[in-house]
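Single-structure report; data block below.
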Amino acid sequence: MKTIKVFLTVAIYLFSSMVIANSAVKTIEAAELARAEAIELGFEWSTTVKLIEQAKASVESGDLKEAEKLANLALTEANNSIKQAKYADNNWQDNVPN
Amino acid sequence: MTISNKGFSRRRFFKTLGKTAGYIALATSLPSIAWAKWSEKAFSSKTLDSAIKACFGDLPIADNPAVKLDVPDIAENGAMVGVGIKTELENVKSVAVFVEKNPAPLCVKYNFGKGTIPDVETRVRMGETSNLIAIVEADGKLHRSQKLVKVTIGGCGG
Amino acid sequence: MADKIKIRVKTKEDNGVVKALMLIKHPMESGMRKDQDGNLIPVHHLKEVSVVYKDETIFHGEFGTGASKDPFVIFHFEGVAGEKFEVNAVDSKGVTGTKSVKIKKLKKK
Amino acid sequence: MYSIFKKLPLVSLMILLTSCAQETDQSQSDVTAEIQAETVDQNSSAGVSFADNVASDIKRFKGYFVEKFPSIDVYEFKDGAYAIDEAKRQQWLDIEEFPPYEFSIEEGEESFSEVFANGKTYADCFENGGVGVRQNFPYFDTESNQVITLELAINQCRQANGEEPLAYGQGEIANISAYMAYTSRDKKFDIQVPNESAYNAYLSGKKFYYSKRGQLNFSCADCHLKISGSNLRAELLSPGIGQTTGMPIYRAKWGELGTIGHRYKECNLNVRAQPFDYQSEAYRNLEYFQTIMSKGFVVNGPSSRR
């Protein structure tokens, strides 16, 4: 009975880490796509690429929870810089002295 | 009148450039100079007191308002802090500048010869806010003037 | 040591007192600075400057790493426009530099 | 060119109409100029409107600083924050009396007199032998349809004569730029906007200047208009007008000269925006806009700074 329990925990661990690794990698890819768009619009932040690199390093070192966290942070930042670019399009005139 | 570079007009700049180039050719062999020994120990001393001792030995030291020290309250940049030292004291042998908190407090030491007037300016480096001390050596005594100079961390973000 | 220490001097003589402004090109490496790939740049600083006027060393400067990059000094001495003095410099690597300077009259604006 | 420009006029027109209602002091002519500026794409025949729009922009930009610093002659902002704080100004004057960049000017002159392999020199590439021409840069080249900065022109001269271009930002190109600025001191800037594509380059620079960017979400205007003259940490923020006249600058922090592109990169990083490349279209248009805003200011480069 004991060996089955051990076997189950290991399997769950392996399976879940595979899932997390999978989603971390997916989030990194999404972050890279969003970053590319931010670059195209000319509003990339200097911090985003560092987060992506750290996320990749975490995936390689097997720290999957960390990888997932960093990847999400990178994705959020990249999306925010795109929002910033859109906001600038519509609102840059507000700061012009009249 | 451009305040930014009083007394430094383009025309004079080119004239001096041309002339000094000519003089360099004239400088023949290095004249025999009595190189005063560079105070290795003083410049490598890590504390203010050891640096002063290495520079001047055990000469008596006292604050003296006759030593006019012109330094800013807040340094524009720690890399180039302007220091002006002027005194009416007689027989001035040397002037030294120390920054207490620098890794090596002794920054510069100027030894005077015949006919040199104790009125100097220089630029020193300060790692952080610190006491800046000027010491004038005259007639076997050390006359000190000091002031706290604030040094701010540069940059507004990053 | 092919390169020489570059020295620039400006002088203004006003009724017998010469104001000399001296700027000496030197990196003044304190030994604590790092280059782009992160390794420390070794100590290298100006050590001494001597000013010889009428065969006398009238001014001798000793410099440590606490002096600013491209060290700058203003000093005053009794002298006459038209006469010459010589500046000699040496740094911690033994590189030298010399400059002969003709004293100029202060231009009254 | 940013594709977004096509959407710009319509959107900002709406904003403009809504904002016009409250603006009482803005005279009617300014309002029409504003509207005209936005509909330039539709009626490109109104060529003359570029100059009027730019002129009114300059008037309002300069007016902003005259109003914000009534006791300071606006042209003194060629010296940045040193026109505001007396204690800083005194330390700056002491440095300027015999600045370390004098060696760089001397080296810049030596580099400038370099004879290329084909026997030509920089003097052959520039008007008046390259002496006293800094005030003409950057200009909009109607043939290549782009803004030409002094540093770009220096490298174009090298490449036209079969030489390798110099690295941008610092080093030899900054020395040459410093020498060319030095020989033009006290000449006045008056940069022109010759045609519609020049005007679009100008608008692109203007938009860059006023767009919030980076993780800290600041625009150039946030620091150099709104809170210019006050401190951000220990930095006294220099007014946005006259910021390009003293280029290249010798920052005590750098311990050497740096061109305006080098300062742009540093400034972008300060707000955690990813910097653009040296001489990128974004930076050249920004320099074009900033220099146009400093019309009537004198060349005072190179200049020392904190």
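Every chain is named by a letter (A, B, C and D) in the order it is written, and numbering of its residues begins at 1.
Basically, a contact is a pair of C-beta atoms (placed from the backbone, for glycine too) under 8 Å apart; a residue touches a chain by one contact, two chains touch by 3 or more.
Just so you know, these numbers come straight off a predicted model, no measurement behind them.
Trainee: What chain pair has the highest count of contacting C-beta pairs?
Mentor: B-C
Trainee: If you average the CA atoms of chain C and of chain D, how far apart do the two points sit, in angstrom?
Mentor: 36
Trainee: Give, as an integer number of Å, the spacing between the C-alpha centres of chain C and chain B.
Mentor: Here chain B and chain C have centroids separated by 12 Å.
Trainee: Considering chain B alone, which of its residues make contact with at least two other chains?
Mentor: 7, 79-80, 121, 123
Trainee: Indicate the residues of chain D shared as contacts by at least two other chains.
Mentor: 97-98, 100, 106, 255, 269, 272
Trainee: For chain A, jot down the residues that touch at least 2 other chains.
Mentor: none
Trainee: Check the chains against each other and report every pair that touches.
Mentor: A-D, B-C, B-D, C-D
Trainee: Which stretch or stretches of chain C touch chain D in the complex?
Mentor: Going by the criterion above, the answer is residues 6, 8, 10, 21, 23, 25, 69-70, 72.
Trainee: Would you tell me which residues of chain D are touching chain A in their complex?
Mentor: Counting only chain D, the residues touching chain A are 2, 4, 7-8, 11-12, 15-16, 23, 26, 30, 34, 57, 60-61, 63-64, 206-207, 210-215, 217, 219, 221-222, 225-226, 268-269, 272-276, 282.
Trainee: Sort out for me which residues of chain B touch chain D in the complex.
Mentor: Those residues of chain B that touch chain D are 2-8, 10, 17, 72-77, 79-80, 82, 121, 123, 152-158.
Trainee: Using the touch rule from the top, collect the residues of chain B that touch chain C in their complex.
Mentor: 7, 12, 16, 19-20, 23-24, 26-27, 30-31, 33-36, 38-39, 43, 79-81, 97, 99, 102-117, 119-125
Trainee: Inside the complex, what are the residues of chain C that reach chain B?
Mentor: Its residues touching chain B are 8-10, 12, 17, 28, 30, 32, 47-48, 50, 52-53, 55-69, 71-79, 84, 86, 88, 96, 98-102, 107.
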